[in-house]
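Letters A, B, C and D name the chains as they come in the text, with residue numbers starting at 1 for each one.
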Amino acid sequence: MAGNTFGKLFTVTTFGESHGIAIGGIIDGCPPGLAISESDLQIDLDRRKPGTSRYTTARREEDEVQILSGVFEGRTTGTSIGLLIKNTDQRSNDYSKIKDTFRPGHADYTYQQKYGLRDYRGGGRSSARETAIRVAAGGVAKKYLKEQFGIEVLGYLSQLGPIKMENVDHSITNTNAFFCPDANKLEALDEYMRELKKSGDSIGAKVSVVATNMPVGLGEPIFDRLDAELAHAMMGINAVKGVEIGDGFAVVEQKGSEHRDLMSPQGFKSNRAGGILGGISSGQDLIVHMALKPTSSISVPGETVDINGQSAEVITKGRHDPCVGIRAVPIAEAMMALVIMDHLLRHRGQNADVIKTTPIIPGQA
Amino acid sequence: MAGNTFGKLFTVTTFGESHGIAIGGIIDGCPPGLAISESDLQIDLDRRKPGTSRYTTARREEDEVQILSGVFEGRTTGTSIGLLIKNTDQRSNDYSKIKDTFRPGHADYTYQQKYGLRDYRGGGRSSARETAIRVAAGGVAKKYLKEQFGIEVLGYLSQLGPIKMENVDHSITNTNAFFCPDANKLEALDEYMRELKKSGDSIGAKVSVVATNMPVGLGEPIFDRLDAELAHAMMGINAVKGVEIGDGFAVVEQKGSEHRDLMSPQGFKSNRAGGILGGISSGQDLIVHMALKPTSSISVPGETVDINGQSAEVITKGRHDPCVGIRAVPIAEAMMALVIMDHLLRHRGQNADVIKTTPIIPGQA
Amino acid sequence: MAGNTFGKLFTVTTFGESHGIAIGGIIDGCPPGLAISESDLQIDLDRRKPGTSRYTTARREEDEVQILSGVFEGRTTGTSIGLLIKNTDQRSNDYSKIKDTFRPGHADYTYQQKYGLRDYRGGGRSSARETAIRVAAGGVAKKYLKEQFGIEVLGYLSQLGPIKMENVDHSITNTNAFFCPDANKLEALDEYMRELKKSGDSIGAKVSVVATNMPVGLGEPIFDRLDAELAHAMMGINAVKGVEIGDGFAVVEQKGSEHRDLMSPQGFKSNRAGGILGGISSGQDLIVHMALKPTSSISVPGETVDINGQSAEVITKGRHDPCVGIRAVPIAEAMMALVIMDHLLRHRGQNADVIKTTPIIPGQA
Amino acid sequence: MAGNTFGKLFTVTTFGESHGIAIGGIIDGCPPGLAISESDLQIDLDRRKPGTSRYTTARREEDEVQILSGVFEGRTTGTSIGLLIKNTDQRSNDYSKIKDTFRPGHADYTYQQKYGLRDYRGGGRSSARETAIRVAAGGVAKKYLKEQFGIEVLGYLSQLGPIKMENVDHSITNTNAFFCPDANKLEALDEYMRELKKSGDSIGAKVSVVATNMPVGLGEPIFDRLDAELAHAMMGINAVKGVEIGDGFAVVEQKGSEHRDLMSPQGFKSNRAGGILGGISSGQDLIVHMALKPTSSISVPGETVDINGQSAEVITKGRHDPCVGIRAVPIAEAMMALVIMDHLLRHRGQNADVIKTTPIIPGQA
């Protein structure tokens, strides 16, 4: 498979450039009978949408998704679902200067080398614009998981530059423009971002996603372990440079007696593993963290080269997020939902004969 | 695809349990004409092999690989390559006690739930024993990459518990049982491990892998980015809980002006990105780090449940590595080689018409 | 993968129902740099289009394809290509009667059983309407194959009911509404179809496709042989019930001394094999034939059951082709082009090191 | 995927050459809990085995299959199943003459061109020897389908050269060396083959396979239709040049009123479609026919070229079947079982929520 398809049984294939006519995608393998409409998908699209606060790009896109097929009389039919979002605010002329120059930290150079030419308008295919379709597709998965299994996928901003969230209250997350789950940090975030904007610079972030009410048994050893596929999904989000499952890099300094999650008839006694053992979900909450680099589109001048390898300087004007990590929250949720969905279908395809609805022990003690 | 295959064009499919008759695998898609023999693969198998030092499991396996097909008169023929390693030191009776009890931190519970039954001997399929085949298959990829492109894949132990390596001298790595690249840390490691063994506990580790002489252009956006596939590959190694590309989690606190790698006619001026931009290799060194949890097989007693959900206690006797991270070094190298190889084939399949041998700028300034 | 994707490296994924808003698709893996525009694709779409003659359905669709992405300044960029065709002439009310009744010979019953519900309007996803996207995608492949390799893919009607074409003159094929390559049979076809329309019945057909200027070496043994993939592609076209490569079923009565194609320094001395040996292209013309059943949508009443399993009778009014085989010609060409294209990319991915531009002997003596 | 894997959820990957050390394969995705042993697989291996009658090659292979993994205490564990068959009767020297000459009708030429070198011993990978592993893997699928669903897959020889079987009595098929289901034709077959052997020539054949007790709903539109995948599977068997579903090429001359299978509350009233509508199984018997060419390994001299493109003559001595169609019967059964199995898993993965055990009407009236 070329690289624009995600998943094996529940697949999402996408197309579209930042400044093309439209972006779109196809969901294949969706179970039939699911009640779904554009408005279900619009919720997360609006969360991801640019232009919603002064901390994200000023580009305005309605990001109105159209379902073109696969849904009949309000229900999925089991056939492929076509999704389309028209690009409305394109302003290609903003980008004409960078036609022959490679912006440092961007994919301009690597696309040019790989393909011999590139759509230089706004990063073309490498722009995070395409993630809108992932969010729409993830919305279908989310709805199915919620309705059939009670599974919820909840993302949040866990760190922005030096500011670490200390309390996670999911009821706070969607009440602020930062997807911050810690009410005590809102003011600090606001101030930090205001200063940052003034400086014309950008900052990295850490995003976390949790799935609750997970069934036991999802994940296909050896290579398609649930953790491996989550890592694949998350590292495939623009700007992500690190992925952790459960305790992540903290395990380097942990002892075995400290790390392993003990079990009791009432359930697991801790969740350092992040809900996965041997690549298979344990019924505990799935926990994933990821690191997102600061956007490279800043107004601080930077040394680079042009298409002929000659020295050049670049200042990215355009309209860009000073912290791309913020808007990554709904994207990360969507990707986790897609992974769970795909593995659910794969698991019941192979193991339908032995799947038990009640596990030996509950997920959490 | 079920989960035992890795790759798209250059694929590796594996089978085998810890205490079965044999483990094995099939490489498919290997370019023809490569000179290869069992002895080429044995080098890394011996590096991974248990029983080579007092810091790894005392289980002794010759791990002698046989090439059963796909090689004729010393050269690959382009057809599938069958690999086989017989299990010689099985001692199944060591494990009879854990038949009905789930070892905490292990995959016993999740395999039982997923499949309704499990091969409980030494962890069965979930044992790291199967990684021997990955190492053998990776050896084929390594040889091709080295001979055709000069690419080298070099792994090392970058941290063990509290001990962080400070200097990386690849000429040191393979001269000691820790794959430690820092000669100054060998004594500390030795002492730490001696104490650890006494305590019956285990410890986590961090492993790093670097690929040098990388071509520009490998990686298939959007979902099969090179970094996403590396994350998939590394998180799929037993015990890995975190993966970083380049600066990894450090980017959370970096500013854009600090993170982006500037470019000059002489090459990139830094490599915080770890050799990947927009999911495509930039020609710089590929840099990946991973966190490995401490093995859960320790002689410290632990609370658990049995197959009926009743309370139980478990002490893992057996023969186990107090730090599984050490032996993961050749495994991580193999996985990186497999990813590069697969992407090389995919890249030239699609882009053969435009591939240029000399990039616009060199990988490193 | 769910079932709406074709190919491995050069893939086409489609969506859309007969009476939905639009049909569409995504081409992934297209080599960059190919000059392509909507008008290139429109040629074959117009050949497939309904309503072009009195022998095909009276439904009128403009079938105007839009390229939404993947092409920049007139050239493919190597990224995924979004295709969209709006449905303009839907008339859903034509089909309201068959909502609860299964038309014999159609997929109504099997879709209902498989998915528990179905889009009953005009056959929904099972309608041949979706093949328009295959034709559009095939147009991209055709152009690449022609420009880079001189490969041409030529289909024609080889039999319609009792009328067998005797001469194949490719210059005749596209000058008549039957895709008939034999000028001497045009009158007989015309008369036969006129009589058939009067009777309200339909008729089967045989379609053939040939690819010329084939390179040697395409096809991936064991399971992805070129002939196996062609059979997959052709049998996946609506109404196809049989596929032959080269001499096809005639080989049952052939002797070995008669069947094998002898070779001379000037090339192969015959082409009974249809251009494939051991699943790999030999450089000779690829030759495929297929049998298409008569459409089941006829005005002759037929016994059937309703959604509750009760006896019912059905007469298909609607607007239907009395011989679906005719319009299958451009579809079969498209599918052959997609197979060749995918295998070309796979072949050069694995075997780039050894591909020779001049084969040992020419394709044809 | 490179070409040595078949299937998506239930996959089989194979390796091995005619005269290598061993052939083998890996089954991935097998449901857990299936009772299976080597002796279950040996039944069909013995049916396929060379040297069982005077009408097949005199090469003697025990074809004793070993299960190396994936089965524990007599049951499948859900993990990958390793299969191995050692080559015992290799006699490489028989083949030394053809090292530099291409046998007409064989894959010698195309392998040499594709890969730049080839294992010339007995056809190497292109030899039908590898089908033994398909038969072993098919045996696992057959057992599961039989035990869980009552599905039986029954193949037979339906024509050999000019001799057409008229009655199909499955109880006769396995009582004779021809897999002939018509007791009245045994004498004619015997005489025909005796004459053929004398002449040193070979003959084509037609093989048919039927699956009974099929569930409704298997097959994934659009591209992975059940018929398309069966065509893929069957055309991928060595020497197959044509595949038909149900009435196959006879549909070319059928009218719609004659072809469509009418339905009644008691079931379908005929089965011209061969058990598939719209690419999805209808619950009727699956019916597939295939044409196999005469083997090209005959003692009649034939004109060819050598590796330098110079004129040469070849006589194949060796030990070869005068009719390869005969031994294809168990191979075709195996491939059908693999296709059904894969589609069963895919179907229940996606559609588990709506699968009904009792269809609206029975498969057969």
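Please note the rule applied: contacts are C-beta pairs under 8 Å (C-beta built on N, C-alpha and C of every residue); 3 or more make two chains touch, one makes a residue touch a chain.
Chain labels with UniProt names: A, B, C, D = Chorismate synthase.
Keep in mind that what you see is a predicted model, and the values were worked out from it rather than measured.
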{"item": "Shared interface partners, meaning chains that touch chain A (Chorismate synthase) and chain B (Chorismate synthase)", "value": "C, D"}
{"item": "Contact-richer chain pair (by C-beta pairs counted) among A-D and C-D", "value": "C-D"}
{"item": "Whole-Å gap separating chain A (Chorismate synthase) and chain D (Chorismate synthase), where each centre is the average of the chain's CA atoms", "value": "45"}
{"item": "Euclidean distance of C-alpha centroids - chain B (Chorismate synthase) vs chain D (Chorismate synthase), Å", "value": "38"}
{"item": "For chain C (Chorismate synthase) paired with chain D (Chorismate synthase), centre-to-centre distance based on mean C-alpha positions, whole Å", "value": "26"}
{"item": "Numbers and ranges of chain A (Chorismate synthase) residues touching at least 2 other chains", "value": "1-5, 8-10, 14, 29, 32-33, 78-79, 114-116, 125, 221, 346-347, 350-351, 353-354"}
{"item": "Residues of chain D (Chorismate synthase) touching chain C (Chorismate synthase) in the complex", "value": "1-6, 8, 14, 102, 104-107, 109-116, 125-126, 130, 159, 161-162, 201-206, 216-217, 219-225, 227-236, 238, 240-265, 269, 273-274, 276-283, 291-298, 300, 302-305, 307-311, 346-347, 350-351, 353-354, 356, 359-361"}
{"item": "Chain D (Chorismate synthase) - residues contacting chain A (Chorismate synthase), complex", "value": "8-10, 29-33, 78-79, 148, 221, 345-354"}
{"item": "Interfacial residue positions of chain C (Chorismate synthase) with respect to chain A (Chorismate synthase) in the complex", "value": "1-5, 8-11, 13-17, 20-26, 28-29, 32-33, 66, 68-70, 72, 75, 77-82, 84, 114-119, 124-125"}
